[in-house]
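What follows is a pair of complexes built around subunit A, which joins subunit B in one and subunit C in the other.
== the complex of A and B ==
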């Protein structure tokens, strides 16, 4: 502790910097947002990390939106019950956010908390009062986006919004590339605008100590003689990299070159959801600190859970 | 929101003048420029450019709601609202029927019964509320000239004999269905553009597009693999916004194509791991929905019509509120009838696959013309 303080003292003249030891201790004290599945938390190093950008991709119907909603609920688990007790911002570009389903997942989350903390539940009546699905729903700020202009506007506006709502600990964008793929004509420009946005998101996650989760669609591409699935815009931006460079040179801003870099650099972690036989699996594709790994998970009526747990049996919903 | 005028935003005067002088009139103009380009265009410093972006963003940003407010609104507007399909099992699986304000897709091989399904839905929506309808008009965009009034009335007379015994009801109900037959993609987009006003003014309660893939020429088909901007993509996001704005269900049907390679799609990391050990498992006849994976991401509910083991099935392949189930069905004079309201749970890749196997009546599966 002593050594720690002297170290930070000696570096005081470099503002904004933090020494590696401080960073480690901060990292260790940091709580993570649980995904609802222990196995999934395992490969993610405890859950979704604050101060980081995580991209989650997968084929239609695999459960991206489900995981997004689950995270928006789980971030609100009170501190007494081992959660972060924060709030969530959900930016919906696709219109797939169904409130009825959010309510169900909130109920599932509460019933699990009650199961894990039976004594807590008896003791503190005030805490119990808090645990109503309605209060979980009230903690999700929802933006419905209908064009890419609005998406850019929201991300710019977040800075101010977060200043007014300091308890927000997660920002979820479902899905980040949808509108950009529909109607943005100048592809080189699109690449630069998108990477500008991702830089902004990264900055927000650091300065407000929150997690940014980007849900992304997958698309197909032809490589090495076969069709493969790939996350949207990862390759597209590479294709147009050259064009972006030429443009950058033309208007002679050398700093643009760094910005026209591919989208795939812009997220810290990347998780891909896919089918493996009859199981849903998650594959950690990219992480600065964790090994590449994969694990099965399940989407149940209560939300995202471990595969093979008793609650995983599919119950007919509603 | 995107086309909001900068002049309506009450910006600080110096910013408003600066933007107006550079012909940046809408929020879209300002926000789709990277910061540095905006600086050079405005011939101003970083602080000014950021200030402008910040102001414009705040005005162009859609309002924020909490999920609780959304739920309240949903309850106030009548429990979410559904259009019942009158197929009991399917209605139960979908939580009451086709949801209002969402995009629902019906996909399957030709001749399986998609149009039959659409015809029945169209008439159901025109029925008075006491019979489970939405008591409104229907816009039916028939791109393949398959709409048949005679068949539609037959379906309904056979399935609701007690209602249609009333004199003149069939005429009244069928009179509420407006059929549009666009001849080309540009026609189609044009009619969509006019649609928004029509829908709001004329009490339209259902929009059906049968089928949305008809205009996709072979040239455009490469769009599913490469990276081409497809005009149909615009139609897609437009249909979605129509659904939400007017709070009506939008149902589109989609065709299938046979897949151009043997294996399903995989991620590169899966391919590496699987190596060559996994060559044995091939589906007899593997089909994929036309319009590709981008489209599939965007629909909220996807119903797959398929046939295998000598039976036809309706499968709930994608839905945010229900697990995947399949129901066997037959097509009769009264339209589609479920053989079984229980449904069969489906899991794994079967959920998204579209099968078409061993059906004599289909013949050698041609692409729909």
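== the complex of A and C ==
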């Protein structure tokens, strides 16, 4: 009894400290944000995790923005229907966020909910009222930013904004590096600024219990006599190439990025999207708790879904 | 060295505020029509505002033609506007523009502002000046606000002055992002439709992650590599498919990627009066009887494809059978059929 009280007392000393058991049970009870694809959720351990930073990279047209929009919608699935019922912050640096597409994905999400919960929908007319694409649109706080100074300003402002909007459960930045790929002469400064931003985001994700998703571009790098694709602004000091992967893909992607690098350090999870022939695939490149894995997925008119559910393969060569 | 501070003075930097998507939806949805219902259907309404669209294709694929058409359509759109045509391929195709303009509306040419750009720095300074005009429409000498920016083409700006050395490639991609950020900023702040044309290069190395398509029997990719591909929101690819007899080429417009569109393709033709889509594999409907009757005595028609307001008919006529057996005719109204008989 006595011992117990001192223990709890010592916990209070270090504010916010938890023991591993509490953390584990909390993590197990935590709901994850579904990506819309069961396979993708599978390799991510149930979906996008709150309190973590997830980086998603891939070539143009692979579906990064689609996944970003999908997550901004899915985070709002009401608790009654197995969702988080939260709100989303979408920071758009590239202008690829199209409201008409968001509307479509919201409609797709609603129609899927209705399909999975037919009885629910019959019983609670009040819940049904809530499920309108417009209300999903209203649940996304959208920031369009046009320069890196604005990007820094918005991220600095997030703390205050999140304090006022406690229901935000996901922050999506599409894409995090676009404005930093312009004529930044001082590369050391750029690295410092970027890692400062990601540190800040990581802190926010912990303190407000939200998921941070950073979408990133890929770039071609000339190393070891061949062109390779790597994530933008990841200056790898040493690259461990996955041999089997290279052979299977014929291109050296994804290349393993050295963990000594400051930028890659700041992301808890890294998901890489790539083409495997005409099929979209996702590859979990880095995660503290999950094994490296890959799975196909698809982008349909309703949004991100499992591959094979419909004929949505891309015809690359006409 | 500190990075150069972007010029945001024109737009005062207050506390960032989220935009209301429900309010954004309506003006954003205003798209610029391509002047053909089929092509508009491919793009679900036309080219989106506040977004950068790339049109890539080999030479003579119809890129410039499409840009000229858009420039002439801008004043006729629901939000009448001028267009800014930034031309890096000299000379500006003025004759084609005049041919494209309907004879009844010579005033449309007044709303096409043409500027020549010769280098990336030239372009950036020009865009800054354009920004001034866009933010002060009242001071601009043009009656209609600029809402369409066309750049033809981005690749020719980078043809000179850049080696394949790593340092130059880095400098080049830095410029891509700078140009793209500027274009996107203008597009966003002033709800402009931005179109950038791009040339193609042959694919020599394996899959480098860039868009690949077959055109004229070659495997091609848009120029300027993956770095530039990251700079555009929507990529349209114009390809040509050469027939075995080498005669007529079938042209296709393909949505390579777009945030709001699935990957899909539409066949199109380039006529004297512009670029128009062709309905895939559908036969003549209502007017069939009339057309076949008209053609019956003169020649035989092979294929007839209806497009919303006109019909394409491929016919074999005695007069032109020696050189090219296949001639495309476009019929918009019954009076055209008589005209067709004349030729």
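Note that the second predicted complex is superposed on the first by the 268 of 318 C-alpha atoms of A that agree within 3 Å, B and C clash if a C-alpha of one lies under 4 Å from a C-alpha of the other, contacts with A are read in each partner's own complex, and residues count from 1 in each chain.
In the analysis below, a contact is a pair of C-beta atoms (placed from the backbone, for glycine too) under 8 Å apart; a residue touches a chain by one contact, two chains touch by 3 or more.
Note that the structure is predicted; figures quoted are calculated from it, not measured.
Chemist: Just from the overlay, do subunit B and subunit C fit on subunit A, or is there a clash?
Modeler: Clash: subunit B and subunit C overlap once superposed on subunit A.
Chemist: For A:94, decide between first (touching subunit B), second (touching subunit C), both and neither.
Modeler: Touch partners of A:94: subunit B and subunit C.
Chemist: With both complexes overlaid on chain A, does A:145 touch subunit B (first), subunit C (second), both or neither?
Modeler: both
Chemist: Contact-wise, after the overlay, does A:307 reach subunit B, subunit C, both or neither (first, second, both, neither)?
Modeler: Touch partners of A:307: none, neither subunit B nor subunit C.
Chemist: In the overlaid three-chain picture, which partner chain does A:293 touch, first (subunit B) or second (subunit C), both, or neither?
Modeler: After superposition on chain A, A:293 lies in contact with neither partner.
Chemist: Just subunit B (first), just subunit C (second), both, or neither: which does A:114 touch?
Modeler: neither
Chemist: See if subunit A has more residues touched by subunit B or by subunit C, and give me that chain.
Modeler: Tallying touched residues of subunit A, the top partner is B.
Chemist: Taking the superposition on A as described, I'd like to know which of subunit B and subunit C A:202 touches: first, second, both or neither.
Modeler: Touch status of A:202: no partner.
Chemist: Thinking of the overlay built on chain A, is A:179 touched by subunit B (first), by subunit C (second), by both, or by neither?
Modeler: It touches subunit B and subunit C both.
Chemist: Could you tell me which of 6-14, 42-50, 276-284 or 348-356 in subunit B overlaps subunit C after superposing the two complexes on chain A?
Modeler: 348-356
Chemist: Which residues of subunit A are in contact with subunit B in one complex and with subunit C in the other?
Modeler: Common interface on subunit A, subunit B vs subunit C: 59-61, 65-66, 94-103, 134, 137-138, 140-150, 153-154, 157, 178-179, 181-185, 189, 217-220, 222, 227, 229, 232, 251, 253, 275, 301, 314, 316-318.
Chemist: Touching subunit A in the complex: which residues of subunit B?
Modeler: For this pair, the touching residues of subunit B are 1-2, 27-28, 31-37, 40, 53-54, 56-62, 64-68, 70-71, 74, 80, 92-93, 95, 102-103, 224-227, 229, 233-234, 236-237, 240-241, 243-244, 260-261, 263, 265-271, 292-294, 296-300, 302, 317-318, 320-325, 345, 347-352.
Chemist: Inside the complex, what are the residues of subunit A that reach subunit B?
Modeler: Touching subunit B from subunit A are residues 59-61, 65-66, 72, 90, 94-104, 134, 137-150, 152-154, 156-157, 159-161, 175, 178-179, 181-185, 189, 192-193, 196, 217-223, 226-230, 232, 235-236, 239, 251, 253, 255-256, 259, 272, 274-275, 277-279, 283, 285, 301, 314, 316-318.
Chemist: Spell out the part of subunit C that touches subunit A in their complex, as residue ranges.
Modeler: On the subunit C side, the touching residues are 1-6, 8, 13, 15-16, 18-22, 24-25, 28-29, 44, 48, 50-52, 166, 173-175, 177-178, 181, 184-185, 187-189, 205-214, 219, 225-227, 229-230, 232-233, 235, 239, 241, 252, 254, 256-257, 259-260, 262-263, 265.
Chemist: Sort out for me which residues of subunit A touch subunit C in the complex.
Modeler: On the subunit A side, the touching residues are 59-61, 65-66, 89, 94-103, 134, 137-138, 140-150, 153-154, 157, 178-179, 181-186, 189-190, 217-220, 222, 227, 229, 232, 250-251, 253, 275, 299, 301, 312, 314-318.
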